[in-house]
Amino acid sequence: MESVGVGLIGTGYMGKCHALAWNAVNPVFGDCPDIRLVHLAEVSEDLAAAKARELGFEKSTAAWRAVVEDPQVDVVSITTPNAFHAEMAIAALEGGKHVWCEKPMAPAVADAVRMRDAAVKSGRAAVLGYNYIQNPVMRHIGALLEAGEIGAVHHVRFEMDEDFMADPKAHFFWKSEAASGYGALDDFAVHPLSLIHTLLGPVSSVMADMAKPYDRRPLSDGGHRPVETFDVASVLLRLESGAAGTLCVSRSAWGRKGRVAMQIFGSEGAILFDQERMNEFQLYRNQGHSANQGFSTILASPDHPPYDRFLPAPGHGLGFNDQKVIECRQLLSAMSGDPAHVIDFEEGLAIERTIHAMARSFEEGRWADVPR
Amino acid sequence: MESVGVGLIGTGYMGKCHALAWNAVNPVFGDCPDIRLVHLAEVSEDLAAAKARELGFEKSTAAWRAVVEDPQVDVVSITTPNAFHAEMAIAALEGGKHVWCEKPMAPAVADAVRMRDAAVKSGRAAVLGYNYIQNPVMRHIGALLEAGEIGAVHHVRFEMDEDFMADPKAHFFWKSEAASGYGALDDFAVHPLSLIHTLLGPVSSVMADMAKPYDRRPLSDGGHRPVETFDVASVLLRLESGAAGTLCVSRSAWGRKGRVAMQIFGSEGAILFDQERMNEFQLYRNQGHSANQGFSTILASPDHPPYDRFLPAPGHGLGFNDQKVIECRQLLSAMSGDPAHVIDFEEGLAIERTIHAMARSFEEGRWADVPR
Amino acid sequence: MESVGVGLIGTGYMGKCHALAWNAVNPVFGDCPDIRLVHLAEVSEDLAAAKARELGFEKSTAAWRAVVEDPQVDVVSITTPNAFHAEMAIAALEGGKHVWCEKPMAPAVADAVRMRDAAVKSGRAAVLGYNYIQNPVMRHIGALLEAGEIGAVHHVRFEMDEDFMADPKAHFFWKSEAASGYGALDDFAVHPLSLIHTLLGPVSSVMADMAKPYDRRPLSDGGHRPVETFDVASVLLRLESGAAGTLCVSRSAWGRKGRVAMQIFGSEGAILFDQERMNEFQLYRNQGHSANQGFSTILASPDHPPYDRFLPAPGHGLGFNDQKVIECRQLLSAMSGDPAHVIDFEEGLAIERTIHAMARSFEEGRWADVPR
Amino acid sequence: MESVGVGLIGTGYMGKCHALAWNAVNPVFGDCPDIRLVHLAEVSEDLAAAKARELGFEKSTAAWRAVVEDPQVDVVSITTPNAFHAEMAIAALEGGKHVWCEKPMAPAVADAVRMRDAAVKSGRAAVLGYNYIQNPVMRHIGALLEAGEIGAVHHVRFEMDEDFMADPKAHFFWKSEAASGYGALDDFAVHPLSLIHTLLGPVSSVMADMAKPYDRRPLSDGGHRPVETFDVASVLLRLESGAAGTLCVSRSAWGRKGRVAMQIFGSEGAILFDQERMNEFQLYRNQGHSANQGFSTILASPDHPPYDRFLPAPGHGLGFNDQKVIECRQLLSAMSGDPAHVIDFEEGLAIERTIHAMARSFEEGRWADVPR
């Protein structure tokens, strides 16, 4: 690849994040093809034009199909609401474009399957936006696990919590509608699952409980409406590796702002991490005199690539958006057919099947196997 | 009560802890009857005599019944292995003594029921050694919850972890034998349950998974023996209050030394605590401008009674053994018929029934109700 | 300004950081003029060409004067070693360019004075790269102080520590030569001083001690060479505001990687911060019942502008390089004559005079006033 | 010694702490002579009698000389205000008693010298109540330093802060009177100095600044009175060992409740500690791959004697008062002529001379040597 033409559909939270990554990937890594920001789609011509100027795109449109059909576009970033992912991603793949799609894939498994099939058929890179796996600290944790630094992992605990739905006085909005999905399960649980998949391998069976902290929420014009989704889920996990553990997620956890916490226990040590302090992790190893054993807090550093591409000094810290720049670089590798550390549509489908198995286990009150 | 005669059966870890408490309770609180350390039992005459001198008891014996029958003894501390609790406690109660018995009550529910019945019949104080509920920080958390400071509690997560069985090379010992109980469930889970009971009320139904990190352990004379107990348990909880959550316990969690952690989420805030830092807790309240909201780390202080009985200065800190002194003071209240913050045999039985329901849910692979 | 042409001299650590900022500033803020990356200078034609491609600049040169004389260039980023700052910055200012120069200004006060004079005469923006003042958390701390949230500040403690010179076995290199300056004083102390200046106002008098942890260092070809600079400095401070405190800096502090810590004590509360956890700070206020008072750990959020320009979600975190993007945005304001939160050459000169007063106090063994 | 008769003068904060220690020392350590609590003095007969009953003493008196003259008393705990220490300690020593005296020795150096001389002449144990040196974690830190685990120490930073005088609205009381001493210097600085002496050796020269956060304080009957003492002090230190550093103390540091913090930097690593979390410390060593280096948080455990005498389980934690029990055990060793880890009157005098040198350096505005 000498150059890469980029299309972008959607410019919200994640759309801007993609655009920042496309702007930064070559200055940061210095080994990429030329990145040309070609075509951007938004819901109106005016908004699209404004955003194109702001984010550095050459052309803009209110018709997203113009992006996936643009011959100058090689790869399409899809950052629209989940309900649109399948149609857009499949159209792009069928148009011969590579696809960088935000997670989760689609509310219905059937759509996720169609997306996976389209990706396989196209032979193009089809990568999901599971950015937490790109944190250099997380990559290093993966390397430690692979090297057996904490021995055989037998028990894990994962949590993902925020508080944007913690206030019972907050008005009913679309995330409380059944149409938006199960709730915290598909909103959050997929993220820890992306970590579990890349660090520990797939989940074999699950047993979930779900809860509604608030049965109903006020409407802006008075009155109330029953809440249809579950802001909290707690899950028992068994992994194919033989390890077991828990996964807890909540959108109503006061005080938690971006917690993605994990505890991994092995036969020779343990590893702790929390995304709210994304530039550090804790390592315990049963080594040396017990009088001096403790969890070491290790700060992100150039020893944890590709941190070194951002900063030559340890402990200075990356940010959330930098993860997306790394993901973008991995996507470019995938587009070139090189090895890439990503969640593609195949693995993304496995993650979503795990979520649906969780919901099933909750409805049936018993363990559910995750279909392969 | 003008004076209290104390008997002690067992002088191991908890036996010494009881003795320290009996020595300290009046100097610390200054409002107790005279405490006379009367009679101590150990497995041999020699050991009993040595320990009596060391711990300040007047008489010693190798026959524990001599203690429960001693007319000078008003209350008996029972700190022997669990298997002996029922016989000793019932004998003491039937002898008209008050009883201070270490947890858990007994391996079999039937024995715990007999203990409860003996206590009811005797009209004596029958108190279990659930010392974590006595931490002044924990008492203050209870007061905050009761005052509604974090609103209605809807979700909780409890953990109790240590690493004394984390090393796979450690020899097989009695805690890996089925005769010792389920494993981490009765060893550890009862402690968080004592907190749940006093802070949040009883558990209504449970769904547990249990795991053996290591299938077998080496024998000291070579060869291996299969492990019969579960060092790890993970449990989904539903409380009578309507709140739900998780309880995770492990005896094989490298790096954890005395972790008893809890996260309590309510409609107006959240509370965090970890016994490894027993002199602080964290409080988040949805109050004031969001730009200045965060978890406050609050240090134990004289504002959290009875910390003030130990120290007039905040932030100087109590220790594990001080909890037992407080428990001892509460026991004295119970003996006088005054209100006391304790887990008595009635509530202790409810806790043990919860443990057995967990084991049942694991065996059956489905939710189990906790019998009342 | 409809568009801004950018020149860059130097592409090392800070040069890349400037380039990343120039690439990101408009996508992040969306309210900037067009940013054109025009001309880049490096020590050789080849390196310059390679870096220009990598960092997105149109032209490259090995002659830095070509950049400051380029009519398409409006602003020049100067990120070369300190010894070159004066010549380059003055040439750029005299050429009518705005200047964005890394700190500190120059080894000699006389040169810093000449830079300040050139800036005044030119009427152009002349901004120094004191990026820690741009952290949204730090801006919020400034707002809290200004609003009197912790009352009148009376005592402060600042620290800046890293360990890149902590190893006594590391070879002698240029930072141990007297020609490089005093040592930790000019390398590090200027950063906390930039925070002191923006948060608390200027320093009036100082009393410093300096130390060499290692008297000599090995040479690569065998033998040793005496160390000529001071890797550690400890300073007593008195501020014009009446507050007092300490400033400690070390380049040989094992375990510290990017510590820039401050403790600010006022009559109504206190604020703590450490750059190693740059996305949080701690606030204590003497408000409410003392039983619930503690340091609140507040995570960076959209409530702390301009965090909101990077991320709509709280607690997700910015990185070190994001601070430079904010600094770049402030520079653009300064170039437009709008209010800007920057350290300009005037204030930078005051900071450097403070450093020299510290060195003087050390040599003379008594307090030194900071000249105005 | 077959048995030890104890006298106690004063039953306030520290008096109670001594009494608790005397009650606990044998049950905890199990290797002490019989401890008989013989005679207690307080300001009135009634108070003395009440406290004697509460704290377990046989006799009580309002005449403190009755205690030091009681032939049944072997050792006298002196916990009265500093102004009385010299007279009482000297009387006790001259009466052939051992002395356990709270710190600091006396407001005037001359009195401290007389106390030291009386101790030398008597040949009795004369021990000061510097309890922070007794923390098992601190003892372990001492062992690590002695073993060279962090190499040669070159830089240290000590802090001791509380907030009991942080409120400017608090009424003027005796601690703001010049008669009470310098202020934070003698109130607090002696404690970090006790750590410096035991861990790192004596201080050779000092340079101090002192500050009054509030010039005047309200009187209870209206009006104000000028504050005569300094609630804050900041000191540059040079140690005889060649290390250097800082010592900062404040009685007006909002949010700090019992902070005694230290940072010790050596050529091979670093150690951090804060008494507010007295059951842990942090150790960094330049060992192994830099990618895995970080500060290890090590919890107090039976590996750190004499923690094992209190608890067999790691991470369960000691409290402030337990330090005094250890100090009491060390005192008993000193009384028997065995090696003891204590600050005796000789070393206590060196500490107080250091304080006075600090005050002198402040008054003179230049470095002051500490007289030997």
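Points to keep in mind about this one:
Residue numbering begins at 1 within each chain, and the chains themselves are lettered A, B, C and D in the order written.
One rule holds in what follows: a residue touches a chain if its C-beta (ideal position, glycine included) is under 8 Å from a C-beta of that chain, and two chains touch if they have at least 3 such contacts.
Model, not experiment: these values are computed from the prediction.
Between A-C and A-D, more contacting C-beta pairs join the chains of A-C.
Ranking every chain by how far its Cα centroid lies from the centroid of chain B, the top place goes to C.
With each centre defined as the average position of its C-alpha atoms, the distance from chain A to chain D rounds to 53 Å.
Centre-to-centre spacing of chain C and chain D amounts to 41 Å, using the average Cα coordinate of each chain. Centres computed as Cα averages put chain A at a distance of 34 Å from chain C. Across the assembly, chain B contributes 256, 280, 293-295, 299, 301 as residues in contact with two or more other chains.
Put simply, chain A touches chain C in their complex at residues 13, 16, 19-20, 23-24, 26-28, 30, 54-56, 162, 164, 256-259, 275-280, 299, 301, 310-322.
Against chain D, in their complex, chain A makes its touches with residues 140, 144, 149, 280, 282-283, 289-299, 301, 303-304. Considering their complex, residues 150-151, 154-155, 157, 159, 166-168, 207, 209, 211, 213-214, 232, 234, 236, 238, 244-246, 248, 250, 252-256, 263, 265-270, 272, 284-286, 293-295, 365-367 of chain C touch chain D.
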